[in-house]
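After this come two complexes, each holding subunit A, first together with subunit B and then together with subunit C.
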Partner chain A sequence: MSAPVLSRSAAAEQDPAVAVRRSKKPSETTWLIAGTVLVGLLAVVSLFVGVSDVSLPRLLAGDPEAWDLVWISRVPRTLAVILAGTAVAVAGLIMQLMVRNRFVEPSTVGTVESATLGILVVTVLLPAAPIMMKMGVASVFALGGTALFLAVLGRLPARNTLLVPIVGIMLGGVIGSVTTFFAYKYDLLQTLGNWMIGDFSGVLRGRYELLWIVAALTLAGYLAADRFTVAGLGADFTTNLGMNHKAIMRLGLVLVSLISAVVVTTVGAVPFLGLIVPNIVSLLFGDNLRRAVPWTALFGAGFVLVCDIIGRTIRFPYEVPVGMVMSVLGATIFLALLLRTRKRHA
Partner chain B sequence: MPKTLPPASAGTLRALPRRNFSPALLSPKRISPAALITVLAVITLGCVVAFMVIDLRGNLSYALSRRGIRVGAMVVVAVAVGLSTLMFQTVTANRILTPSIMGFDSLYILIQTALVFTLGSSTLLTASPALKFGVEVGLMIVFSALLYRWLFTGGTGALHLMLLVGIVIGTLFRGFSSLLQRLMEPSEYIVLQDLFFASFNQVEPLLLGISAVIVALVAAVVWKLRKSFDVLALGRETAINLGVDHRRIVTLVLVLCSILVAISTALVGPVTFFGLLVVSLAYQMVRKFSHAALIPIVCLLGAITLIGGQLLLERVFGFATALSVIIEFAGGLLFLYLLLKGSLK
Partner chain C sequence: MKTPVRVVLGAFAAGASLLALTACGGSTEAGAQADSGKTVSITHAQGTTEVPVNPETVYTFDLGVLDSMTALGLEADGVPETKYPESLAKYNDAAVAKIGSMKEPDFEAISNGNPDLIIITGRAASSYGELSKIAPTIDLSVDIKKPLDSFKEQAGKLGQIFDVETKVDEQLAAIDTKIADAKAKSANAGKGLIIMTSGGELTAYGAGSRFGLIHDVLGVSTVADIKSEGAHGESISFEFLKTNNPDTLYVVDRDSAMGTSGDAAKAVLDNELVASTNAAKNNKIVNLDSNAWYMVGYGLNNTEKMIDEVAAGL
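And now, the complex of A and B:
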């Protein structure tokens, strides 16, 4: 009963491979456990990548210096990667459900740019503000930017699948140009660059704990995921099912904006993640939502771990920010997804 | 009619030129194109003179030559960006595309970066500027002709898809450039940065001279092709029916656009929405659709926007070089407006 309702894109409906995979259900839990183990292994690898020597023998020998390094730097970093990866991917999924569009995520609709503008504003007006305050202002701006996008979206009568992300990207560009203007005026362009590019190199104990907030938000998103699907089908449909459309949309808006704002303030923007992961999950496992959310979380964490490890090893001993690796990989995968659409249309 | 898009939005992006002429807000009823061009030319001259003489102090010949170079750079960039956008919109039969939205200048920056990354900055610095420029423009032409011809002759139907692919390709090029820039030595990076972020204030006189000559040549070719452009603007099918070799001329336009984009990017860096702004304004002003009128008006409007805008910013608002940010902002809003208005029809 839920399958036709949940297939959000015509693309997924037409793809026979997806339908076949959906009908035969392998022992899902086994696969999930296997996936979790794989991500766990990646996390362990990530613990041992770095300039300072943290090798297994040294740890087993009880070298206090090595253990300090692990607890102060390596574990917080890996945790931050996993938390941010999970949250951003799930936020992308929620966004896609809400606007019923496969090509949308917080960084293609202006949410991330708005959050950055918020941080800039609070940095200029109250340079000494505590991080929670910055995060709060960033969240308010992110909410505003996302609401603006949804309002613009409401003016597009035909929900053209491809027009929605174009409008979103341009909206983000316009907000970004305002940010650049003021950053230029207050000589904060370089600082701005640090926010706009996701980077885990600065993560230490005491500087990532706020990301646990997004873990809670992600869980809330999981619990409410079904509602976002219904809300995406329109106000009338939702009301007929006895639900409050406005309340659900507001909840989704708040979740997505908060996740984006917290991630941007702690580690910076991670582009394309929320776009790629839900799409891949949908290709592999179909659009059954109960299954999609855990897989999205798992893939999100795994993808960022891989990108972070690449970024740390490609130019060893220096580091390339994860955001750059992600923008190259992510844009390539996004292009492949788009051209798949083109092939089908031709 | 592209069969993959719903009819409500299908016609909008490829709206034929004549469709947008009903609400010509800026065009007074009885001004002929010739008169309009004259008026604009006078305004342009006024801007140039004002820019040259206002607040002139100190060593006159030094100040004048510095200002002259800046004005020259602005004129060259205005013509290059304006013409490339106009041509690009005409061959794609589309009012909201510009070469930069489709990733042209990110491609140019990527080629520059890749050259420095593979050959090293010392090779590039010691090579003669003309040779270097020739190689870059050559690579640019080859890549853009391959990539964009494939894009524009493949699935001509799905224009939204093409636009989105263009935007993502631009993002990909930018991401790849910044990745390469991060991988190279800091000293190499500084050389590279100088290559594409020369602002209007630091333009090399020699480079400006070469660029001005090339832009003038391209402009002459464009002027010669003005009648073909009028036909092309009727749409691909109509143009072919009327005897235009569509594929050949699209390739030629892509080559010309590559040259113009390479020149403007090398002179002042990437400007995304400037062309869109100027060409849209020109369409608002010209009631009669003809490239004979559009070509000069686009060039003059571009020069007025840049020189006049810079003048206002410096003398009235006291900013230094943030003009491009303001143009980006205004152009971005215009782009969104055109997108939304087109879809609502």
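And now, the complex of A and C:
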């Protein structure tokens, strides 16, 4: 069959980046460094966006008030954006590899909805619970929801590209409607809305540090990257290579669920990110997970930084939640991706 | 299969409405019989409606109207399903007919109850068409662009309908006195900012908003020209709070309106940036009763309560 050859040449034609990488392989490190510098620049811009007056001259003059603002408000927010962006994108990538489907991410398979249901349950039953406990319960719910998705998926006779995300979205819808029902019953719909739309406006020193947990989880995902690639090829294949398929799947499940739960409890749901970033990376750099993880992390951080900067400036001095900006940008990019994929197959 | 279920349901509904009728009989019977047959023409937000004077069975979706009726010694016979604050606690009783949620009427229950008058406001305003097919329906929404005048007008209409105009005038005069007192205090109280906390995030409300009473009527000056249109405020950061530095901070704790922890807003505002504002330094962070401000709104008793809360913080 000539299909692989065809698709490869088509991809190379459409994507100059792919062609460049093929012809001069060592330059990928250079690209990575350039990308890191770019994200670094975005981070610096992010540090200087805000309602209060924090300008370079004031900082250089050693103005204590300006420096206070930097440490209390600016640095935490930028760090939170980078940490959440990185982690959610990588979680999406892991998930896509585990189920071998490009249109899957924690917010389309019920993981995020389950985490939200978890927070709601704690809020109703134990309103004064400490944040760690809320997060713990959210994680347990996220685990349960994701496991349910994987179990349903395992029972599906055919796993075509569209069926998997449809099953995920349906499951997410069911869990989401249970959540909405209880939120309605306890008059928590508005609070629920705030959880479901990612927003960094409440981030201050002392309010985002939990996100360092997801940094550790993302690193773990990177280290285990090759295993997820193998596990995605199926239980028999994995076992033939002498690895424990169930254990790998369990690891992926725990990583994705914990990342989703921590991000939802600290800043809220960040839609589309885990979907579009891994897709862009795979279009540009192919499917080797170990290599894709740094790129995914970089793109994820950069994308959320851009969205947060837009959200903070578009209605200055007020804010538009990052989740809303991301939905608009994300939906546009995702649609473009879908159309492009169809063109290639045609 | 279907008919028996319907019969049972119908019988149940009939029983329920009978109960409701007997329950309300005690309170409004005397007035109702005296004025039977008379009507009054009420012009409201969605048209003009002929309304019976002293209607026997009154359904309302608005807690502000309910509050006014309580202040006037009246009772509603059908109310929305919600958690009622203490001032309206008697409507938590399952014996009072429940006619849907505050936003979505339960048309079947309303139709079965045969009300003589339905009073709606903003939250249920879009159901006006269907509701007016069931019974005379009036929309007594308070226009938040000119809250006081609008509220007085709506209260006056209640006075006409229930034939208690002198009582309404007395109460409105009492409110005017309170407003004058608060205004005298607010002139020297510096600038104020109204925020709502929900899920760890802040929304700011300005003049002309649902909480605009504070600026528009009581004369508290604003820290910024917040152009929030309608019911929703503007999402803000803590830096916005610090930079605009209000002398008084009025806080509506959305999460405590739902009977969760009342300290939710306190936890959100407990940080270094808020601590650097004049409001925090001078201990002028005023926690508004979220039931009064968010749930009930403009009513003859509740408006006094809202003014008192603002005045106490001035």
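Simple rule for what comes next: the second predicted complex is superposed on the first by the 318 of 346 C-alpha atoms of A that agree within 3 Å, B and C clash if a C-alpha of one lies under 4 Å from a C-alpha of the other, contacts with A are read in each partner's own complex, and residues count from 1 in each chain.
To be clear about the criterion, a residue touches a chain if its C-beta (ideal position, glycine included) is under 8 Å from a C-beta of that chain, and two chains touch if they have at least 3 such contacts.
Everything quoted here is computed from the prediction, not taken from an experiment.
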{"item": "Fit or clash between subunit C and subunit B when superposed on subunit A", "value": "clash"}
{"item": "First, second, both or neither for A:Asp187, with subunit B first and subunit C second", "value": "second"}
{"item": "First, second, both or neither for A:Arg155, with subunit B first and subunit C second", "value": "first"}
{"item": "A:Ala331 touches, of subunit B and subunit C: first, second, both or neither?", "value": "first"}
{"item": "Touching partner for A:Val178 - first (subunit B), second (subunit C), both, neither", "value": "first"}
{"item": "Touched partner set for A:Gly50, first subunit B, second subunit C, both or neither", "value": "second"}
{"item": "First, second, both or neither for A:Pro317, with subunit B first and subunit C second", "value": "second"}
{"item": "Contacts of A:Ile280 with subunit B and subunit C, given as first, second, both or neither", "value": "neither"}
{"item": "Superposition clash, subunit B against subunit C - the stretch among 60-68, 96-104, 222-230 or 240-248 that is involved", "value": "60-68"}
{"item": "Subunit A residues contacted in one complex by subunit B, in the other by subunit C", "value": "315, 320-321"}
{"item": "Residue numbers on subunit A that touch subunit B, as the complex places them", "value": "103, 152, 155-158, 160-163, 165-167, 169-171, 173-174, 177-178, 180-181, 184-185, 271, 314-315, 320-321, 324-325, 327-328, 331-332, 334-335, 338-339, 341-342, 345-346"}
{"item": "Residues of subunit A that touch subunit C when the two form their complex", "value": "50-53, 68-69, 72-73, 123-124, 127-128, 186-188, 190-191, 193-195, 199, 201-202, 204-207, 268, 312, 315, 317-321"}
{"item": "For the subunit C and subunit A complex, residues of the former touching the latter", "value": "82-83, 198-202, 204, 224, 226, 234-240, 242-243, 254-255, 257-261, 263-264, 268, 271-273"}
{"item": "Complex interface listing, subunit B residues touching subunit A", "value": "4-6, 8-9, 154-155, 157-158, 160-161, 163-165, 167-169, 171-172, 174-176, 178-179, 182-183, 272, 319, 322, 325-326, 328-329, 332-333, 335-336, 339-340, 343-344"}
